[in-house]
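Everything below concerns the one structure shown next.
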Amino acid sequence: MAKKIRVTVWGENVHEKTTKETQEIYPEGMHAAIAGFLNRQPDMEACTATLDQPEHGLTDELLAKTDVLTWWAHVAHGDVDDAVVEKVHRRVLGGMGIILLHSAHFSKIFVRLMGTTCQLKWREVAEREVLWVTRPGHEILQGIEDHFIIPHVEMYGEHFDIPEPDDTILISSFQGGEVFRSGCTWRRGAGKVFYFRPGHETYPIFHDKTVQKILVNAVRWARPAGAMAFGTSHKEMGWFLK
Amino acid sequence: MAKKIRVTVWGENVHEKTTKETQEIYPEGMHAAIAGFLNRQPDMEACTATLDQPEHGLTDELLAKTDVLTWWAHVAHGDVDDAVVEKVHRRVLGGMGIILLHSAHFSKIFVRLMGTTCQLKWREVAEREVLWVTRPGHEILQGIEDHFIIPHVEMYGEHFDIPEPDDTILISSFQGGEVFRSGCTWRRGAGKVFYFRPGHETYPIFHDKTVQKILVNAVRWARPAGAMAFGTSHKEMGWFLK
Amino acid sequence: MAKKIRVTVWGENVHEKTTKETQEIYPEGMHAAIAGFLNRQPDMEACTATLDQPEHGLTDELLAKTDVLTWWAHVAHGDVDDAVVEKVHRRVLGGMGIILLHSAHFSKIFVRLMGTTCQLKWREVAEREVLWVTRPGHEILQGIEDHFIIPHVEMYGEHFDIPEPDDTILISSFQGGEVFRSGCTWRRGAGKVFYFRPGHETYPIFHDKTVQKILVNAVRWARPAGAMAFGTSHKEMGWFLK
Amino acid sequence: MAKKIRVTVWGENVHEKTTKETQEIYPEGMHAAIAGFLNRQPDMEACTATLDQPEHGLTDELLAKTDVLTWWAHVAHGDVDDAVVEKVHRRVLGGMGIILLHSAHFSKIFVRLMGTTCQLKWREVAEREVLWVTRPGHEILQGIEDHFIIPHVEMYGEHFDIPEPDDTILISSFQGGEVFRSGCTWRRGAGKVFYFRPGHETYPIFHDKTVQKILVNAVRWARPAGAMAFGTSHKEMGWFLK
């Protein structure tokens, strides 16, 4: 337990260059904001990586030592190199945790992990979201009771085309009447996957203390407890020969 | 396929004697209304049974030939004989389908099948419910697209204390901001279980065509495809002896 | 119910040209053998399609009218055109059932639907397999009790790298001591997915009456009950405006 | 993390008084043996409780401060007071972890948590069990790779009548050809439930280092991360009134 959890906070880093609201709310970028509150945890050590870096900042060396990867992306999913997606996918199956944030529902890595389209409805009118706890006692919800509210959000609505989650831990309602499974977990290979809906680029959602608490919990929940070996396809035990 | 699906529609039959609105909306009782629209299906044969009958109408003979049991109850859960609950439980595990309606979330049989408290929040102010499809293509949702609306309902809100469903097929939002997993399926033993939220006694919900369609679909989905034997606890194959 | 279930039986059709045992056991090919016993069902209408045909026989027209696709493949997974895989994937999410047979665990379509490697162990020494029923009453196991035996098989052993199945309905033991989840179901989008382990090309497994019964049941189970629309990403309900 | 996990090791303590082999293998009882290796963990503090104590040793005070309860029982399930079962059930739903060992599959508390019969097949001829990892990377399997073997066991065979587990992490094969889901997890309310098959009273299975490692891991996995409140049935948010 003495070893810190090594988190890599990946950010698309496009709105940071193009969108005034994002620049005002997150002067150093959303990824830096997320890494910031994670680094205030005594048991975590977070760095950032972005799309515009070589290999999108996700070198083999960095991935190999990453315990948990968080992924925020929105307008540039198509610019992510398939070879990087392949490497990240393999690391998740091998044991690395991954946390997909908001519009990362359409990222190549999430779509590949799910095997579905991950499509959903959306509307952007800064409406109110109420997030209801549907699995009290879940590790990711430590310290969260009953529900919490984010006053201004982009709406995401069902049907959200995902495989049935292992655990649906948060369901949102929106002012407009829609619902959404906002906190969902899956295991894939030896890795743990958490999709978390909040986090739009034009609202200060990653400055919200409850959102931060959930992400801190999620990093702890997603850290690897073991590994899956690849290519272990041919083994003989041979008791039947005796 | 030639054989009709035999449905037993169980009703508590208390509001039918005591509540004016119920009497006006369902002059012959909710159970009779439900059996009525099921019996209009060419592949179904529905009868009713009620709490006030001997053995609550659920004789061994009737249970043995019931393919699917529907259960509506509200104020008299405690009056249901444990021996009857035991028999119904055994029949469900043995293969009979069961459909729990609305306030049957607190029925002895549902609580026993789930192994949890099945508690939830509620409020009765005749608000609007929007039921969103979260599993398009599910057999129970045949003919239902995207969402449907019930204008006046009692609200049920999360946290609904149930085991994670096999499939969460409908999630509701309410005017007051709450959400609820309104259509949930589980397998228990050889039997299939469907919980369906709508159906309050003072609104004409079982006269709603969409609600009727879902219940008709649910009966088809829940019909047995096989049985589980009881007491098969001791068998020897003995290849290891050879 | 009057409309027949339209099944497309897809075969790689390579062992049929190269492997003597396959030619002796399945003179017209495994796909023809499978289509043969499906076509003896009054409610089914099966055709075949193979890798060596244009578009691997899976034209848009054929896919559009296919209710259930079965897929056998082994040595030529890499030769399947990605564009065809994409089309099949979309049809499954849209509602078409799919049944993956034996070594199709490594097919592009299964790996894509699962989001995992689908790797497993194997050994080929014609050993005995016992398949145990772990979900009595499941539609796919109609008429199957407790267990059945296939005398000579290729072994597949855990760890099988798949997402936790919705239902694990059959688990095998092998003479050599290994186990395997041999019958697994998932829902993806509006489609149903069944993986079924038996079916090696050098044993007469598709002539086995129990195997045939399971596949007939699986086709009925996998037939579509509805569809998922694509691209329904932007809808406004707008109650909040009122 | 500084606070130790408080474990209560519950034992039926009947074979300890009546069965010579048990007395020889576990001179102080199985419960003492289990508490022994748990207490060697720096982060755990284990005590024991047994059937023959007042309230079976499970006072309100002890239950309230127990983080994880382990349960071994075999011949005296019927002697466990229903009121105690009720209290334990409530504590599990409220957040306490519970680990059911071997023949505890038929304990009142497990049957109640599952909602099924929990029946299985058995045979006692001291045959070999191979336990295969089916979820590498699971917290409970930390340090366990691929498979492990227990040379002499009582056989448990499928069909094991349980709800589909959240995670099936171990599947056993037996010398006689049977299979069994030997490591299964579920969430119920805010509590975590682990069923673990090994642990027959006439074999030194709780002295096995791999078995001990799994139980140590399981205790860490099952410790509470939060609580579920009871009776939160009526809440109004009332946004719709505004």
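For clarity, chains are labelled A, B, C and D in written order, and residue numbers in each chain start from 1.
One rule holds for everything that comes next: a contact is a pair of C-beta atoms (placed from the backbone, for glycine too) under 8 Å apart; a residue touches a chain by one contact, two chains touch by 3 or more.
If you're wondering where the values come from, they're calculated on a predicted model, not measured in any experiment.
Q: So if I look at the partners of subunit B and the partners of subunit C, which chains show up in both lists?
A: A, D
Q: Would you mind telling me which chain pair, C-D or B-D, is linked by more contacting C-beta pairs?
A: The comparison resolves to B-D.
Q: Which chain has its C-alpha centroid at the greatest distance from the C-alpha centroid of subunit C?
A: Chain D.
Q: Subunit C to subunit D: how many Å between their CA centres?
A: 36
Q: Using mean CA coordinates as chain centres, what's the gap between subunit B and subunit D in Å?
A: Once rounded, the distance between the two centres reads 32 Å.
Q: So which bits of subunit C are touching at least two other chains?
A: Residues 130, 135-136, 146, 157, 159, 164, 166-167, 174, 177-178, 187, 189, 228, 232, 235, 237, 239 of subunit C touch two or more partner chains.
Q: Under the stated contact criterion, what part of subunit A meets subunit D in this complex?
A: Residues in contact with subunit D: 1, 95, 128, 130, 135-139, 141-144, 146, 166-167, 187, 189-191, 224-229, 232, 235, 237, 239.
Q: Residue numbers of subunit D touching subunit B in their complex, please.
A: Contacts found on subunit D: 93, 112-117, 119-123, 125, 127, 157, 159, 161, 163-164, 166, 174-178, 186-189, 228, 230-241.
Q: For the complex, which residues does subunit C have touching subunit D?
A: Going by the criterion above, the answer is residues 130, 132-136, 146, 157-160, 164, 166-168, 171-174, 177-179, 181.
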